[in-house]
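One chain, chain A, links the two complexes that follow: it is found with chain B in the first and with chain C in the second.
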Partner chain A sequence: MAETSASVEERAGMKTAQELADLEKLSATYEPDVNGPLVGQLQSSKILEAEYAGADPVYVRKTAALSPKYSNYRTIRGDGNCGWRALAFGYFELLLRTGDEKFIQNEMDRLKSLCSWMNEVGMSEYLYEDFVEETIELLKTISQSPAIDNPYDDTPVVEAFNRDDASNAIITHLKLLVSAHLRLHPDAYEAFIETSIEDYRSSQIEPYGVQIDHLGVKALVDVLFIPAGLVVEISYLDRSESDEVNVHKFEDESAPPKVTPAEDEAQKTLRMLYRPGHYDLIYKNGDLAPARIPVSYSATAAATTEGGVRVSMMLGTEYTRNPFCSSVFSSQVFTGGGGFDLCEEGYPGLLRGSTGSGLGSTDAMNKGKIDDAYTKLFKHSHYNTSHYQNVNFQPEMWSPQD
Partner chain B sequence: MAAKARTLRRLLGEYRELINNETEGIYAGPISEEDWMVWECLIAGPPDTPFEGGMFSATLTFTDDYPLSPPTLKFTCDILHPNVYPDGTVCISILHPPGDDPNMYEHASERWSPIQSVEKVLLSVMSMLAEPNDESGANVDASKMFRENRERYEKIVRNCARKTVGL
Partner chain C sequence: MSVSTAASTPTPGASSAPSVTKRLQKELMKLMMSPTPGISAFPDDPSNLLKWTGTIDGPDGTYFAGKTFKLSFSFPADYPLQPPTVLFKTPMFHPNVDMSGRICLDILKDKWSAVYDTQSILLSLQSLLGEPNNKSPLNGQAAQLWDEDPKEYKRLLEKRHQEAE
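Right after this comes the complex of A and B.
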């Protein structure tokens, strides 16, 4: 008997060690998805909360404080280019969101004229023209696409950025632009690096696949965002002692304090979420279609058949383990007819059969209550992370009587 | 396929540039019109080195990722050099993707980036012939010989150079 209790204890001990290890892993080594889409679809930031539910309390606290303020979240593939890609994507997304054809045209002219910088530092046109062309093409596409009249429809930008060649060409163009800018304005940056500008740009900026650092972000913001009147801010999700993510705003330091109304600035601010080594995008409440009337579930469900394909990208494999399906639904309030066929993707047949009863009412969604959004069938399945058979089972979330 | 079309367009542009603005001592072009991803190159041995007088042939192989990723360069003639593997593959930093730099201390401007080119690669190889980096481990025997028995190294190299022009 003594042996049995010892082994029980041992098992319990092992489990605790295992749990601790899991906890440690979640907290310390966040691994961005290297196989996900280059740029993911908009999803609810509740996903972040769920991701860290069992992690270090600092993360639990910060992610819990994040989602009420920042409604949405967009993943960027962790392929070493995420910072560049997040900024490049965000730039186009903000431009599209202005819905201002003339403004986009001006940006196009400006970027074309900036090629003179690259010539000035001795880059040959025949070596960079292909990259520039892709940027200009996408600017043309968004200024001419029907989405210009529906600026919250990010489809053209998301699609372009998920095409390897276009996506990579655009970030290469921006890298070369930043490299030229650094070489032409060394005084503004030299003090922040240990090596020379020459060494920095050739080892940290120009090569494809080298992660952007703080100075790189600063230089890109100086080149691309500030002259266009756009703002970039980074929210740092790390283990530092605070209750919320720390936000750093990159603004035009030389400009006089702004008198622009807050809503206007929200429409012109790109927000990045930084976890050590990785950038994603987040969206504050009101960044996206502030006055949009929530789309009822049935309306969205109707759009599902057309949009179903996009969702497989949106959810990825990560989501199939996530209990907060309601959060995805509420994100649809913002994306409208984006489509989100959960049934196709993560929960075969589970939700489809019960959508009428469980998710029919807009009220339930607006309340944002998790319980309303998932059905009994789902709740009692192993897809639910609070179910004991789920691979990510969290005992404290399990209440079998529910 | 789109990525490949871009790669081909870039290679075509580089080829045109190499023909129009010939750089002395460097010749390169696709082996056949059918396959633009493999080029044949000739690199003249730099003057005042034991490589002088030789015309060293090599193949450049590009991937669909070019120019995001560097090409590979492999000598197809006999050559003895500390930075060339015994099978002819050249090991210098400009030919390595970022993060995989064999000689971190090498000159900064020689790293690969999409703004580099075939011309830059071949010029780097030329200066590599003139100034071997004997701390590289590509060909340990050659490195050792270069350090400890320079006379013998130079003799073998001169022989290689003569052989490349059929002497």
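Right after this comes the complex of A and C.
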């Protein structure tokens, strides 16, 4: 991109005013992939490899190395808002995937309370409330049945993000929120800006259709993702000399070293693919299909209240964190039989039936929440030959009777 | 919502999205419920909320004091993501307004934000009258005379203003 515009400028030096005007008009109206959906369906990342098959060897090498690691790919329309839209969509998708109603409701409360920032910088409530409303509506939708019962079914989020009004309202809300954040916390960002916070937010953040830059991504991650315990990483697919995409992770710099199990973190990471001037989304295989029962992300501050996850009854060890991360767990349950205590609200309606024997006294039993965990665990375990090492297997779509 | 009277009329502007209508109805309510002295705005035709006419009074202590200026507002279908097109309808002599009434103001172009409204545009234009940006003039003569020859500026402004009648 940079090379192209530089050479265009060079040649432009010899052009007539008319030619210049034409050129300017062309570049001003150029929009990549304007006909695609605002947010596309999941596709295989092999498509990327095919797309670059005839390209520069650097791209061929990098895309070939990409697909074994990142199984899936989702396009975002190149309308100048792709970075904002990719991050906004990814946020909702990650929240839905937690399958944790309470966690999503906490996020809803948090975002409502952040409206005070917008008031503080003098934005009129009557002008921003319609945008906020769309964000809250979608959070409501994904925190309730039927969406929450199928946290790996992205349909509700994809549909909302393909409705112009909802999609644009949500990114406008986020833009206003980031703008207010920048103005209220200038110290953290000022050093990276050549002009002023005021000029930056009014020319780079608030206007619709202006591509998000690195600092904008950082500010949005600081406002939206880090407080929710979510991680954002960008993989750069460019001409730089390396064999793989370069990955940059946005993390909470003030946080203590990570204790979250890697697997758990994978479930909470939004991955963006950056090609000069454009953002799409990519996914690792583990992001999309539950390798285990997805329970409440109790590790995050939002969900540490009642209902901390305990499996002490059965395993004799008390896990204060997400017990289902443990690979030991599924096999022990399986071989030893036994019960467990699901996180409060963690996975409502999932379990029906038969494994309760001998464990009738656990809290979870009393709440009637142990249902077909046995079946569920079997489905996800490697004893289930239907999906063992089958990357395309989707447990939610499969029933043992088939 | 208290805008039910407007909502009961046929859908204005065939191509306008519901959100545009909703937003413009809110702005209209706001302007009517709490009018700001020195500015006004109203839709030209109740069946089309996408076209408005606004007025601003020239600020005291400026060349424009005592005069009222008319403007046209044309809202795009994706308003408020994009700004309206605003033109001076009253002939104007100002460094940042050209002879056709086109205005050079950043908030109407690359610094537009969805939390600006008709009222904030009118207020910004009113302050632009008293504080022009002489560095990037649309009307070079006006920019030059602004500081150098107030008497001549005044004369040319009066001349332009009389074209209105």
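Assume the second predicted complex is superposed on the first by the 256 of 402 C-alpha atoms of A that agree within 3 Å, B and C clash if a C-alpha of one lies under 4 Å from a C-alpha of the other, contacts with A are read in each partner's own complex, and residues count from 1 in each chain.
Here is the rule we use: a contact is a pair of C-beta atoms (placed from the backbone, for glycine too) under 8 Å apart; a residue touches a chain by one contact, two chains touch by 3 or more.
Only a predicted model underlies this, so the values are computations on that prediction, with no experimental measurement involved.
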Check: Putting chain B and chain C on the same copy of chain A, do they fit or clash?
Finding: clash
Note to self: Quick check on the superposed pair: does A:123 touch chain B, chain C, both, or neither? Answer first, second, both or neither.
What the structure shows: both
Item checked: Partner chain(s) touched by A:100 [first = chain B, second = chain C, both, neither] -> neither
Next item on the list: Based on the superposed arrangement, let me know which partner A:176 touches: chain B (first), chain C (second), both, or neither?
Entry: both
Notebook entry, point to check: After superposition on the shared chain, which partner residues are touched by A:196: those of chain B (first), chain C (second), both, or neither?
Noted result: first
Next item on the list: Look at A:163 in the shared chain and tell me whether it touches chain B only, chain C only, both, or neither; answer first, second, both or neither.
Entry: first
Margin query: Quick check on my understanding: which residues of chain A belong to both its chain B contact set and its chain C contact set?
Written below: 123-124, 126-128, 130-131, 164-165, 168-169, 172, 175-176, 179, 202-203, 206-210
Margin query: Which residues of chain C touch chain A once you look at their complex with the stated criterion?
Written below: 17-19, 22-23, 26, 30, 78, 80-82, 106-107, 110-117
Margin query: Touching residues of chain A toward chain B in the complex: what are they?
Written below: 80, 123-124, 126-128, 130-131, 163-165, 168-169, 172, 175-176, 179, 195-196, 198-199, 202-203, 206-210
Item checked: Residues of chain A that touch chain C when the two form their complex -> 118, 123-124, 126-128, 130-131, 164-165, 168-169, 172, 175-176, 179, 202-203, 206-210
Check: So in the complex, which bits of chain B are touching chain A?
Finding: 2-3, 6, 9-10, 13-14, 16-17, 67-69, 97-99, 108-109, 111-115, 117
